[in-house]
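What follows is chain A paired twice: with chain B in the first complex and chain C in the second.
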Partner chain A sequence: MYKSAHFSEYNAVNGVWDEMYSDNSSIRDHYQRVIEYLSKESTDNLNKKEDLARRLFMTQGITFTVYNSGEGIEKIFPFDIIPRIITASEWNFVEKGIKQRLTALNLFLKDVYHNQFIIKDGIVPIDVIYSCPHFLREMYQVDVPHDIYVHIAGIDLIRDEHGAFYVLEDNLRTPSGVSYMLENREITKRLFPDLLPQCNVRSVTEYPTILYKNLLALSPRQISNPTIVLLSPGIYNSAYFEHTTLARLMGVELVEGRDLVVNNHKVYMKTTTGLQQVDVIYRRVDDEYLDPLVFNPTSVLGVAGLMSAYRKGNVAIVNAIGNGVADDKAIYSYVPDMIKYYLNEEPLLKNVPTYQLRNADEREFTFANINSMVVKKTNGSGGYGMLMGHAADEQEIEDYKKEILKDPRNFIAQPTISLSAAPCYIQGMLQPRRIDLRPYALCGPDGIEIVPGGLTRVALKEGSLVVNSSQGGGSKDTWVLA
Partner chain B sequence: MLSRVAASFYWLSRYIERSDGILRMMKINYNSSQDAVREFTWEPVIRIYSGVDQELMRTLDNDSRSVLTYMVNDKSNPNSIINMITLARENARSVQEHITRDLWQCLNEYYHCVKDDGLVPRLQNEDPITALDTLIRQIMLYYGTAEVTMERGQGRSFMNIGKYLERSIQAVDLLDVKFGSVTDNPDLLTDTTYWKHLLQSIGGYELYLKTYRDGIEAQSVMELIILNTDFPRSVIYSVNNIHRYYERLKNESNLSSYRDIAFQIGKLQSYIQYSSAESIRQIGLHKFLTQIKHDLFAIGISLNEHYFANS
Partner chain C sequence: MPEFKIQHITRYTYDGMVRDSANQIILFPIVDANQDVLKHDLTITGNPLVDTHIDYYGNEVGSFTYLEQHNRMVINSEVLVVTHAKELPSETTPAATQWQKLSALQNIVPYIDFLKHDYFDALPDLIAVIETEKQAEDTPYQTALRFCEYVYRNFEYLPGVTTVETTIDEVLQLKAGVCQDFAHLLVLMLRLLNIPARYISGYICPNHNGMRGEGATHAWAEVYLPDYGWLGIDPTNNCIANETHVRLAVGRNFSDCSPVKGVYKGSWGHKLEVKVSVEYKDQPTAIIDAEKLPSNSFIQATEAEEFSTNSYQRYKEAMLLQQQQQQQ
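Moving on, here comes the complex of A and B:
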């Protein structure tokens, strides 16, 4: 064991997979070098590094805005300086698993908006699909370029007490957080000089290049220099920093709804020299707000007539509209069946067992075992509206049950999975905190590519299992070793 | 370039330039309030940036510290530094991928500097000039960074048009107010301290001493601020630069829009260029300045219509 003060207190949590310790005393091989490096640093030095990281985030404006009583307060997404490390073999497995899953999900979306074989063959019940608010009839029989619906996926993975990877959620609409994958790496380079090459860490910088290449390939006009734009809700959106970062790294125009106009089923942007036709839109605006003529009529974030241009094939939209039907939490439990149905393969990544509360017997089972369950809304996100059975009191549970009975379709339950833990530098000491992993998969005409890395989110509160940034979560740099 | 982006560039630099003008004005006025033999008044400054507001004058009560706090940190004052930098930063944020990272960080630092909790106590209890200097320094850093890092493209042209338009409007306002006070109080005409402070607050005192050897006279002050082509804060210098940077937009413009505004700028430029201290005196300074201001506003409105897609 290393003797430095900041290591003495590390006590791996019982019954939880620890990324660093294989048992309570021996450090896994892939963490050896980092721990060696850290043990030579004094606590004082590490505190300085932590402080430097905070300042770098602040002066670079890598912040998100929380609106409180009319005044925007800028916060940084808490960053933990100790990297999360993934071995080459773990990564190979994850990569294969995500590619398989994403291939099936793309086929599912094509199918569900065209022939609906999967419904006719009785694999997914028709009512689950038609009751999903994100299943858009406006997309029925709309052909999308190369039959790709999910161009960018941020599939959330967690590890159980044996270290097995589970998919927690498929984020197939507008997954965010990739800028933190890129920025966290840049910060780590500054914090720990020379450590990255010593450890053989694979680079993540290719992400914007690959994304740009994929966007370029989608242009409906066969011209040498198509116009690609990133559509953002604007500076008040909490992910605005990410939008500008991606636009800058790809060299594409960042637009807002008011910069675009549709004429004769074509999309144009207003420039200082007049209107310029737009070919590909990487949108970070939700389906609901994209076109006030078709969806939410009060939305000013989108563009009137966009849907008609899309249906005509005059503009490509990334990700496709209507993807929400595939990452709905009620449909999630059918993904393993989809993989078998479309690909005739066994799923590599496991699904967390999921109980559909619309089924009376599964609902009763859930109610009986509610203390060991997590109940979620099927269309919720960001960790809002969840019930953590082990932490809730009687009254909360009773209230939540009433809520469920009003509309059981909107709820699912999953057994509480105890997320894996990784060392974090907290108050001058290494302490275990729970983490998840969101790799970013890019799907283009040439296939699926996953940049070796991702966003590791960490629940910074001791014992907490919720990693969402809105609920006190932070992030870590994520290393994939070569 | 997107119309919205062009507009943001333009407003970003208008706000920065205005905050620069305000800070320099504050600094010099505070300084002169310290050696005023006669009763010193903040009234002209407040009139330039907040209009005529008797109620406000009463609240501030000509107290230097309250005026400073009002002009720097009061959110209810649309032209306070804090509001200027917030607006400048929001404009910059919405064009973040068009400006260099260095420039963005510069603005961010300026913003955090103004937001710093220690600023108001320093303005109120310590030497306010030190506090104002730290802010002025941030703006100089901003201008230096913009000069060194920004690509020489459309964006920079819109930035510079905004900057010089704002600067010329400020120079015109300052002259108008300061000479206006003379009408009410003819004694000021021969008060050299009065003119010295005017020159200092626009940064032209040293150049004046080099140019005019026979002491400070109102007529020469006016000439320097309007007609001296080497003085970077003169009206003619600013208008020449509006012309210069507007010309660069020619190849990226719709031709009829370009001609329309080029005509307006050219006409204004000639009007000032072919004036002399004597001809201005004959027209009447106030009338002359009002004409210039009208033309400058008209240019702003035309830019809005033709380039920023806000008609």
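Moving on, here comes the complex of A and C:
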């Protein structure tokens, strides 16, 4: 144990995997160097660094939006200065697992919108697919470039008490947060300039370059300078900061729906010198709002006629339309079966046991054990609309049950999972807090690439298991060691 | 083997100049053993390029854009269609066997889509109605006819009380509606008894008694009967939809089949007028000039609803609300 004041109080949580401490309370090898470095720093110095980080985030406008918080719309994403460290062998395993899972999910999307072999063979029940609101019949028999549906995935991973990696959700539509991965690293460079090279931390800065390369490769026109745009819902979106950051880092135009128009099944951007044809759209607008002619007619964010341009192959859209059928939480339970079915492989990453509330017996079981369950909407995200059984009161549980019974297909339940813990610098002391990990996988014609790192989200409240930024979570820089 | 000459005019008149209009049309009659298209002329203001594709339900769907400023848009579709009467079910299979065969279809494409229904408040009431109306010994065919008659007798045909957005709950409360509401209701009642049922949009051709739904686009239902296939039934006229019903599209509901829909940028107000005229081939014809037709000769005419007098505020609210979609 180190003697310095900010380490004396660290008490690993019982029955929880601690990223820093091993069972016999000794510091794991890959944390040694950082801890050694930090223990030489005075509390005063670390406090100064923490304050500097906060000011850097604020002055650089690295913010996100919490809806209905009643405060100003922009908040900084709380940042913890102690990095989360992943060993080379752990990363190797995670990388393989994500590539395997994503390959299968991509094949599933192609299959479900074309031949539907997996339905005919009864691997995924047809009614789960056909009752999914994101199974878009408009995508049936539509061919997408290189058969890639998921160009960008943010698959959420957690670790159980033995350190095994589990997939919590597959985010295959508009995964967000990658800008925080990039910014967290930049801030760490300012706070601990000499620590990164000393520790052999792998770089994450290639992310925008790889994404840009993949977007270029999707252009339907074989020209040297295709027009690529990032389509944002607008400034009120929680991830608007990220949209501006990515557009800037890649050097592509940041547009909103009103900047685009479809003429004769081709998409154009309105510029000061007239219409300019658009080849690739990296959209951060949900399917439902993308084309008011085909989807939600009240949408003011979309581009009317976009679907017809897409169907004809005149524009590439990233991620593909209709991916929601693959990351629906009711479909999630079948992903291990998809991996076996399409790849003939055993899944590397585990799935969290999931109860389908559309099945009467699983619903009964969930209701009987609701205090140890997390109930989620199959198509929700951001931690909105879920029920944490252990923390809810009688009334909340009764109200939620009523909601479930109205449309049981829209809910799943999972046992409350004990996320792993990592040391955080809180009030001048190192304290364990629960974390998850979202690596960002990019899929292009050359295959799947994952920058070594990702976004580690932290449940900053003591004992809390909810890491979502919208629910008071923070984040950490994520180091993958070479 | 009747031949029909059908002219279907859709006319949008805008309060002011609009632009960037994108449209989708499902105006191409289905071609199969019972229906054939001999000739189809489609003229649209501005002569845009219409691209067609076959949708998930097998319908031919056209889409086009019209960017230039305009204050009216007319879609004039003239078709020459020949229909053949379909023989009615012979009902040789015992009722129990037929019901069994239907229950085996539940999780099969395409029937799965035509057996599903969403939750709505009056669901328990409607189930009670079905329980009272159905007869234990009926075949699915007899049940379909019985429910068709139930809708016909218990709901008043009253144009103007409902719109394309009217919900089933509202129709059940009003006890009135038009062909589209009747078709929605019948389809739903049949699905609740596990009989695959789909929504059909098309045209009804006049006979000597006169039919409801003439002069406009019509809608009815189709049921799937074991050992037979799809059979059209028209709850608005309480009859089998056969050779006098020309089919344009099939789907789960109206929004899968909407004959004409569009989005444009510009002033909020518009007037939509629709006129359908049908004549037997040997009748003398008078093709109408779609551009010059006076408004009072249209049967379906709707004014876009004024949601709020301040359209700037309305736009701003929509922007704020929709931009706040949760990112994953």
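Some observations on this one:
Simple rule for what comes next: the second predicted complex is superposed on the first by the 472 of 482 C-alpha atoms of A that agree within 3 Å, B and C clash if a C-alpha of one lies under 4 Å from a C-alpha of the other, contacts with A are read in each partner's own complex, and residues count from 1 in each chain.
We adopt the following convention: a residue touches a chain if its C-beta (ideal position, glycine included) is under 8 Å from a C-beta of that chain, and two chains touch if they have at least 3 such contacts.
What you see is a predicted model, and the numbers here were worked out from it, not measured in a lab.
Placing chain B and chain C on a common chain A by superposition gives a fit, with no clash between them.
Of the two partner chains placed around the shared chain by superposition, chain B is the only one that A:259 touches, whereas chain C remains out of contact. Of the two partner chains placed by the overlay, only chain B lies in contact with A:269; chain C stays clear of it.
Centres of mass aside, this uses C-alpha centres: at chain A, the angle toward chain B and chain C in the superposed model is 90 degrees, to the nearest 10. One of chain B and chain C touches more residues of chain A, and that partner is C.
In the superposed model, A:234 lies in contact with both chain B and chain C. Contacts of A:148 after superposition on the shared chain: neither chain B nor chain C is touched. Of the two partner chains, chain B is the only one that A:247 touches; chain C does not reach it.
In the superposition on chain A, A:60 contacts chain B only, with no contact to chain C.
Look at A:285: by the touch rule set out above, it reaches chain C but stays clear of chain B. Taking every C-alpha atom of chain B against every C-alpha atom of chain C, the smallest gap after superposition is 11 Å.
In the superposition on chain A, the residues of chain A contacting both chain B and chain C are 234-235. The touching residues of chain A, counted against chain B in their complex, run 58-61, 234-235, 240, 244-245, 247-248, 253-256, 258-259, 269-274. Within the complex formed with chain A, the residues of chain C that make contact are 20-24, 48-49, 51, 53, 55-57, 63, 65, 67, 107-109, 112-113, 116, 119, 261-264, 315, 318-320, 322-328.
By the touch criterion given at the top, residues 65, 67, 116, 119, 125-127, 130-131, 137-138, 140, 154, 171, 173-176, 233-239, 242, 261-265, 284-286, 289, 292-294, 297-301, 304-305, 308, 311-312, 327, 380-382, 384, 406-407, 470 of chain A touch chain C in their complex. Residue ranges of chain B in contact with chain A, taken from their complex: 1-4, 6, 90, 93-94, 96-97, 101, 104-105, 108-109, 112, 154, 249, 252-254, 307-309.
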